[in-house]
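Take a look at the structures listed below.
Common to both upcoming complexes is subunit A, partnered first by subunit B, then by subunit C.
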Partner chain A sequence: MSRWGMVIDLRKCVGCQTCTIACKQTNNTPPKVFWRWVADIETGEYPDVNRRFVPMGCQHCTNPPCFEVCPTTATYKRPDGIVDINYNLCIGCAYCIVACPYLARNIVFETKSYYETGLIPPEQVLAHPDRIGVATKCNFCLPRVDAGLARGLKPGVDPDATPMCVGSCISNAMHFGDLDDPDSIVSRYIAENDTVRLSEELGTESAMYYIVE
Partner chain B sequence: MELIPSQKQRVWKLPAVVNFTMGGIGTGFYLLALLVNLPANGEWLQAFLAGQPDWFTLAFVAGVFKLLGVGCAGIGFIALTTEAGQPQRGINLFRHLRRSWMSRETLAFFLFTAFAGLDWLFPFPLLRALAAAAALFLMVAQGFILYRARGVITWNTPRVIFYFLTCGFMTGAGLMLVVFNALQVFIPLSSAFSFAAIGFAAALFNLALWFIYLQSNDAAFPKATQALRTQKAMLQIVGVGHILPALLLILAMALGPGPLLTPVIEILAGMLLLFGGARQKYGIVLEAGYLRAVVLSPAKFDALRRRARGA
Partner chain C sequence: MSTTKVAEYCYQCVAGPDLLNVCVEDGVATRVEPNWKFGDIHPAAGRVCVKAYGLIQKTYNPFRVKKPMVRTNPVKDRDADPMWKEVTWDEALDLIAQKLLAVRAKGVRDESGYPRLAVTFGSGGIAPAYTGALPAFLSTWGPVDFGIGSGQGVKCYHSEHLYGEFWHRAFTVQSDTPRTNYLISFGNNNDASGGVLGVWRHAQARERGLKRVQFEPHLSVTGAHAQWVPVKPKTDAAVMYALLYTILHEHDWRKECDVAFLRDMTNSPYLIAPNGLYLRDETMRKPLMWDETENRARPFDEKFTPAMSGTYITSGITIGADQELTNFENVQVATSFQKLIEHVREYTPEWAEKISGAPAATIRQVAREFLQNAQVGATIEIEDKTYPYRPVAILLGKTVTNGWGGYEALWGRTMLAVLVGALEVPGGTIGTTVRLNRPGHDRLASARPGPDGFMDQPLNPTDKENWVAKPKIRNAYQTLVPLANNSPWSAALGPAHLPWLFMKEPPENWPRPTTPEVWIIYRTNPAISHWDSETVTEQMAKFPFIAAFAYTPDETNWYADVLLPEATDLESYQLYRIGGTKYIEQYWKHQGYALRQPAVEPPVDCLDLTDIGTELAKRMGLLNEYIAVLNKGGGTGIALKGKDFDYTLPNDVAPTREEIWDRACRAATRELSGGAEEHDLAWFKENGAFFVPFPEKDWFLHGAMVQKGLRYELPYQERIWRAGLELGNRLHEQGIEWWDTQLHEYSPLPAWKDFPDIWGRIAEAFDKNPDDYDLWLLTSRSMQYSWGSNVGIPVLADVAKNVKGHFGVMLNAQMAKRAGINEGDAVWIESPLKRVKGHAIVREGLRPDVAVTIQQFGHWVTPVAKDLNMPNLNQLSPLHLALTDATGSGADVVRVKIYKANGKDGK
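This part shows the complex of A and B:
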């Protein structure tokens, strides 16, 4: 069984936010909701300062705090490591939002347009009424991954089976693949570089690895 | 390296405060109400069937002490329905009893309601014991709900569980002081225990737990709880919500049960205890509800940086 994960090389990320937009376009997320976004961070003290860009989103933890607290089992963990939400079960209690230490989850209570005129025709077509009043978050473009696998494609290698943020990255900073396959691109990156994970001290064992230096 | 600074949670609002506050008051009140000697042992149904004229009074008094706690906790649950995105799917709350404290809280509330309701209709020690166990579990579950919210610095501490227990008993004692003394005007009631003494002890315990709660080795904790340490907050929580009612209860105990002033003082003290508990929970949920900063482990980050520079 595969265990999907991501490696993000912060040395390469230029903060262009292409992944952010690719995610929004693919998943049709509403205004102010970002499943993938890039934090713009200044580190160090003058004169030794540095600017870094850190792509953020659901970390698809091995021990997800959101899964543990969810009273409805709407949040569930697939055998391949992807943490997903069953919108039909979610009651929108937002417990998962306060449990997630990565600010990865969102909830909206009404359909909103990007325009002052109200929903324009494309937005009406792409609206997701099932996502109103429930928690939402990145799912590693699960429909793309599953559809690709069904067609015999290899996620992380074949673009059509790979999350859109990874496929759209202009600097090749983001990589997706099977963490359990020693020959996958992510396993090789992890083996060849020093990687860190966000807020490791919380013991969430996230599936997103960052190459910092 | 701090990537995203700590920020206030904005999804749990006043309804969550109402739920935690009313849950504590209701369960605390029910547990203390077990100490009240009910007229005719609360067996109003027999009086009704026997055609006794005082059956309604007996039913009312038994209802107050056996169902008011359930009603308070119920108000909390109703408040939550105004905050949830899809409250009509509430039945799904029972789906994750194995791990989620919110599921367990819901189950505890339903058991509490069922057993307390049955005990009101057919008074029986076993039903009362089961209702009391469910009430205690509900009180504990509410503390665990906050404790398991790993994203919030000020909730994700075991101290919050113990605080919820003492606060539940304190606010329960507050409501008991109000109700017991108010009902005494119409119906003579008795208890082998002094609710003034219980309220006094609960206020002191809760105040001690409050100061213990505010202590933490986590560097981010003092900053997140800053709003609870301001002069105004301290005056409201410590002064008005704990010290003042404790002093009033000492006065009431010194005066003894005789004078008319005693019940008035006890009612006032009870109301202040209710205020103190509600103000604390408002502070914890809304004022100090800070999400954790997202960080790259500082030690590991520095080590990597040093190694990269050395290379």
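This part shows the complex of A and C:
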């Protein structure tokens, strides 16, 4: 069984938000809801200042705090490591939103358009009424991954089987693949570089590895 | 649900085009994807940037202009509603044709000699990727004023275009990023402005170890991955001069610089007479060099090893302005390189530190690392040819290249590359396109031999017989700017703000500034994008007839007489040249053509610009001429008849857009493949793009220069200096003295001047005290917004807010604390011209004497954008001749004071 994960090279990310918008469009998330976004972080004091861009989103933890607090089992872990939400079971209690240390979860209670005049045609075509009043978050583009696998494609190699944030990244900073496969691109990056995972002290054992300068 | 993918290109910023697919589900465009199919051809694996994804909302924006409309309120004023009335396309086009016919009946030029028809295309150089066959119609017209500006000269890399093309056929200048190891940047923000290829290549370069040093007043997106050296605005040339000093006076240039390159490929050995001109031999009038073996001066094109430095006693003549000959007998002359050494002698790092704030130790560190990384002497094989390998480059930003100090910065940058032979060679600083020389698609071929061993430079004439004394268009580029040349692009590269300024304040001894009788505008909003936007709108309100292609209502088409709903990116046809070498980082190992095509039924009643061109030609009785232009490739850039093919259109039948582009597709593929392949419109609609290989060695001018035996015209600028002197003579003969300050820019070796003070003192022109304005207000590029009408796309606002600086004015934390300003506070930003309100964004990453706004906002009509409440530097920036340099450019720099809106000075 594969264990899907990502490696993000912070030496290369420029915070352009192409992954952010590609994710929004692929998953048709409503205004102000981001399953993937890039934080623009400044540290230090003038003139000794550092600026870093850090792609954020669900870390698909091995020990996800959101999973632990979910009272309805709506949040579940797939054998391949993807943490997903069963909208039919979610009651919108938002415990998971509070529990997630990565601020990766969202909830909206009404359908919203980007325009005050109402939903525009693409918003209507891609509407997700099942996502109203429930927690939502990045699912590693699970439908793309599964559909790609069904077609014999290789996630992380074939764009059509790879999360859209990775396939859209214009600095080639994001990589996706099987953490259990030593020959996968993610395993090679981890083997060849120093990587960190966010808030490792929490023991979440996330599937997102960051290469830091 | 049925899903199809439609291939398109995105050219919303000048760093494209790039390729994409639009997913269409049940007849609705829903998503954008990279066109991964071309991943092995497109240098960034077929990907597109954040803006391309906005094309979906751009298509379905409910605020689009939905029908042609005409103004019913004759009063044109910011506070007067135009009271639009819907009309049919026939009515709208008839109205435009009627106005044009009336102009034609009167004569295409007015009493001042200016064209009565003016056309302004916005968005830098990208409009031609969207205008279809409309330019073919304009070609049939005769004189058109394309030089009424929308912000170019300030918003583009204006002076780099002119000097870059003069020195090394580099309308845009780049690093050979795939091979560069050390990059010095002065405000170049390529991770925001370099497009997909720029971001991709620089990221890969960082992964392999490229080091970048970023001299910049604020810590930009690009500076984030660099050694950031905060510098005071407009002092970049001082730092560059100190780098030149350090290399020439603190290092041993004989050992560390590329002496062979300097000697054989520049004018370094040319002898300079006491009057500052090249010393020439009396008979052939060729520049002389010094032969140390024979101890005599000899013409530059004889075979010998000339002296690089030193002074010598010899004789010869000089040719000055207006061919003035001067004889010199046994006088002391120096090599051009010796002059350079002396010229930079006073520019020590300590001197530069006082001016710029860049530490002297850092300047020395950068000079040392630059020399170490240059690998002088190294070579590399590219496509079986051996080239010098110099993996160091220098890039400049927009505000560095533009306005006063631009010439000095550009010369300093190019000289740094020249000293180590890192100009136009692998790893070094290269050009990527030409626009002022021909052929426009082949910059290597454009390097033709000219006088004195240099490239031919078709400068606008300054001699008595040929100087264009009476401007042919309102910005007078042929009259005032020799370096602008006279190519089809030159009109837009003249001093394009002068028409607005002169309409307001007519200059002395100059044809009376007139308004155009018909002004056609496309993808442009000068009421927002031009400096002193209030003056601009006051003037355009006087224009008698404005026809505006309109995406949504905006601040400029508010003053229009007829609005034509714009067919946007996904609603019209165009076949466009792609790959090879083009703007910015667009250098590929392939070249070809890509198609833009209707992906969905437009949700508004718009018309393809190709059809509009045809309809106007019909109505004007110019159909034959229009088709003749199309057949020659005018407007589309694709000639329909070639050596072994003929797809010309019959000249008596109005063609459909499909007929025009089908023939263009066939002709383009036949021409590009040497006749081996032919693909029609249907093939392009299915496949998206056609490519053939492009030689990588053609990324570099070096091979052509060597093959043609040409030298780069550096470091000495005799030709530029002479052109300036002659221009001064001509202007003074006409009694024109208001351009005298600009004439001082022409010099053989540009010296540092107190450039920041020019912006400081401008307050006096408004009877204000310069000391009251203690901050520099600058702008910075937003990749998310620029350009293509994206300010009104809400999803772009949604994602852009994740990037620091959007939706406010960035202030240094120490400065903000002193002023009692907190994050999010409403503040007034006040220049000598005006004040505007914004919200404070408090950061550590900028100098305490600097404030920065992103992009250009301040909208008051454009839907969505007008609710962003963003300050706009353009509203604060004076439109003033004193802020115009000799190339006709200005810079996005304004002295301001900033205070809390609810403080004691604000309300």
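Please note the rule applied: the second predicted complex is superposed on the first by the 213 of 213 C-alpha atoms of A that agree within 3 Å, B and C clash if a C-alpha of one lies under 4 Å from a C-alpha of the other, contacts with A are read in each partner's own complex, and residues count from 1 in each chain.
Throughout what follows, a contact is a pair of C-beta atoms (placed from the backbone, for glycine too) under 8 Å apart; a residue touches a chain by one contact, two chains touch by 3 or more.
Fair warning: this is a prediction, and the values are worked out from it, not measured in the lab.
Residue contacts after overlaying the shared chain place A:Cys90 against subunit B, while subunit C stays out of touching range. Using the contact criterion defined above for the overlaid structures, shared-chain residue A:Ala39 touches subunit B and also reaches subunit C. In the superposition on chain A, contact is made by A:Ala99 with subunit B only, not with subunit C.
Once the two complexes are overlaid on the shared chain, A:Leu142 sits clear of subunit B and of subunit C alike. Comparing the two interfaces of subunit A, the one with subunit B and the one with subunit C have residues 39, 52, 213 in common.
Of all residues in subunit B, only 1-4, 7, 9, 11-12, 80, 83-87, 89-90, 92-96, 99-103, 106, 145, 148-152, 155, 289, 291-292, 294-297, 300-301, 304-305, 307-308 touch subunit A in the complex they form.
If you check the complex, the residues on subunit C that touch subunit A are 1, 25-26, 28-34, 36, 44-45, 47-50, 53-54, 56-57, 60-63, 191-192, 196, 199-200, 202-204, 206-207, 219, 221-225, 228, 230, 603, 783-784, 794-796, 798-800, 802-804, 812-814, 843-848, 864. Residues of subunit A that touch subunit B in their complex: 39, 41, 43, 52, 54, 56, 65, 67-74, 89-95, 97-103, 107, 109, 132-134, 194, 196, 198-202, 204, 210, 212-213. On the subunit A side of its complex with subunit C, the touching residues are 9, 11-18, 20-22, 24-26, 31-32, 34, 37-40, 42, 44-47, 49-53, 114-115, 117-118, 120-122, 124-126, 159-160, 164, 167-173, 213.
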